[in-house]
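You will see two complexes here that share chain A, one where it goes with chain B and one where it goes with chain C.
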Partner chain A sequence: MQITIKYFGLLSEVTGCKEEVYEFSGGSIAKLIDELYVKHPSLRNKEFQVAQNQELVPLKTELISNEIVLLPPFSGG
Partner chain B sequence: MDRYNRHIILSEIGQKGQDKLSNAKVLVVGAGGLGCPVLQYLAAAGVGNIGIIDFDVVEKSNLQRQILFGSSSLGKNKAEAAKMRLLDLNDSISINAYPEKLTYQNALDLFNQYDIIVDGTDNFETRYLINDACILTNKPLVFGAIYKFQGQVSVFNHKNGPSYRCAFPNKPKRNSVPNCSEVGVLGILPGIIGNLQANEVLKIILGIGNLLSGKLLFYDALTNQITTLTVKRNDTEIQKIISIKNDFKKVELNQPCEVQIIDVSIKDIINKKNIQFIDVRELYEQPEVKGLNVTKIPLSVLEDTIGTLNKDKDIAVFCQVGIRSKTAVSILKNHNIQNCYNLKEGVLEINEYLNRIQKQETNG
Partner chain C sequence: MDNKKPKSVFKQGAISSEFIADSIAKHQTKTSIGAHNIFLGQVRADVIQNKTVSAIEYTAYEEMANNKFHEIREATFEKFELTCMHIYHSLGLVKAGEICLFVFVSSPHRKMVFEALEYVVEEIKSKVPVFGKEIFEDNSHQWKINN
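So, the complex of A and B:
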């Protein structure tokens, strides 16, 4: 299945894109993230949460949406 | 009262709502990019009791976005300078300025004196401190944070809603996320995000509209895209904080000790033997340094990789402009590595210098 992945904040600098379409064979969000770590090794040491269907969800959640958001915390003020 | 006429004629506010604003007590932590617009609109709206805590002083590079300050505020404490400006804007309200740092020792007593807490700080250590102190004092937290052209807004800890830890349970390691002074920020961005925060504060006080409780709003100034994500309450995270209530005041803010940082110039050390150059920029940052033997260790992983450094060599640290490298040197010194220096030039200047001496060698 084709998943659209949106990268917020500095994650778009790390991956070089604000969003991308990724071919995923299915499974949990954690499995998808592991594959993204291989594609974008610099993501590994970044802190972020994942949203599916506009809701922040734990990584063990099964991927059911065709779009996810990777959202890092911001510290600036 | 003439001043609040445009509020009072709104049926959703009226004199009753204006009285609620007048009786409200709001504490704004940080009078910087976010705090300034929040304070400006709360004061103008007639929020009757406003607290401002900030230990920092106004610098020229703040004026691009910290709109309560002008040339006459330079060098003054931000809380005091903001109070001066706000009393000129509205002399019928009461303002307390606290020219000090928010700590685990003073947070609970301070928060207990207010109804609503606003987070306008610029570092994770203080953000988690504010969140945890709001849980322990049962105060709603109006949260805002920015990065370059993007911002986040939410209301946490409101009527059993989620807290910041429910959205981001893992406190990022120090220096793993750069701040405005390191990467820059579009000046108007904190204005937009701070105004969204001020709006949430006013709605909480007035009891109107829908709050961003249980929602994390994400804004991108370049695309005008707004994404609102649902955040669920995580009782385990909140319980963890409640369980440390009695020891809360014993926690020390985890900030590096002040150390003496020695600045050096590339031209003074390039011919030194026994020196290792460390580039603390992220691996994807450009341009590369050509003609110098460089070890790449991003600031975000420096603390974890200190063991791999060759301690027999002197260390010279550099980054894009020379700010992160200072942080890196203070981290190294805090880990008892004494023979390290901050290169005052950034990568562009280093490359320029290397090109120049290379040309001289070729010509000579």
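So, the complex of A and C:
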């Protein structure tokens, strides 16, 4: 399945993109993140949370959306 | 209650004193209100390793952020007896000394607005996906971390 991965803040800087389309064979978000670490080794030591359907989800969550968003620590206000 | 509808909280650039003054003036017709409380977040010219922050550039995961702002509004109205509440957050460049967050709560009585305002601001800081890039005077930058 094709999914769109969006990167915000520092993460868009280290991956060099704000979003990308990625071919994923399915499974958990943790599995997807492991694959993204291979594609973007610079993500490995970065702190982030993952949002699916605009909600933060644990990594063990099954991927069900065609859009996954990687969010670094929030710093609004 | 028209002020409970989801709407965009974001404004491009700094939030001006005129905008804030105008928001206050607009409440003069709401005469059940006895107490307002206002929080203004201002960009600090922090000095980090001998370099001074000259501005913060804000970006956000806007769809999720607007949802979160809406959830925070709903939860706040449930917890506290408020007449109305307004939240504005900047996107894009805000220079040191300028306002980047404006939270305005109003109630018949003062005790509610003191508690409600702190609750809203802390919820925004921890739950809304907004990202600040601190830009130094020499144009280098670092990503802000909230304490």
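One rule holds for everything that comes next: the second predicted complex is superposed on the first by the 73 of 77 C-alpha atoms of A that agree within 3 Å, B and C clash if a C-alpha of one lies under 4 Å from a C-alpha of the other, contacts with A are read in each partner's own complex, and residues count from 1 in each chain.
Heads up, the rule we're going with is that contacts are C-beta pairs under 8 Å (C-beta built on N, C-alpha and C of every residue); 3 or more make two chains touch, one makes a residue touch a chain.
These numbers were taken from a predicted model, which means no experiment stands behind them.
> Taking the superposition as given, does A:10 touch the first partner, chain B, the second, chain C, both, or neither?
Touch status of A:10: both partners.
> Answer with first, second, both or neither: which of chain B and chain C does A:54 touch in the superposed model?
both
> Considering only the touch criterion stated at the top, classify A:42 as touching first (chain B), second (chain C), both, or neither.
first
> In this superposition, which partner touches a larger number of chain A residues, chain B or chain C?
B
> By the touch definition at the top of the document, which applies to A:26: first (chain B), second (chain C), both, or neither?
Neither partner.
> On chain A, which stretch or stretches are contacted by chain B in one complex as well as by chain C in the other?
Touching chain B and chain C on chain A: residues 8-10, 51, 54-55, 69, 71-77.
> Mind pulling up the chain A residues that touch chain B in the complex?
Chain A residues touching chain B: 8-10, 13-14, 16, 42, 45-47, 49, 51, 54-56, 69, 71-77.
> For the complex, give me every residue of chain B touching chain A.
Where chain B meets chain A, its residues are 30, 32-35, 119-124, 127, 144-148, 150-152, 167-168, 170, 172-173, 176-180, 185, 190, 216, 218, 227-232, 282-284, 298, 300-301.
> Residues of chain C touching chain A in their complex?
41, 58-61, 63-65, 67, 89, 100-101, 121, 124-133, 143-146
> In their shared complex, at which residues does chain A touch chain C?
Answer in residue numbers: 6, 8-10, 51, 54-55, 69, 71-77.
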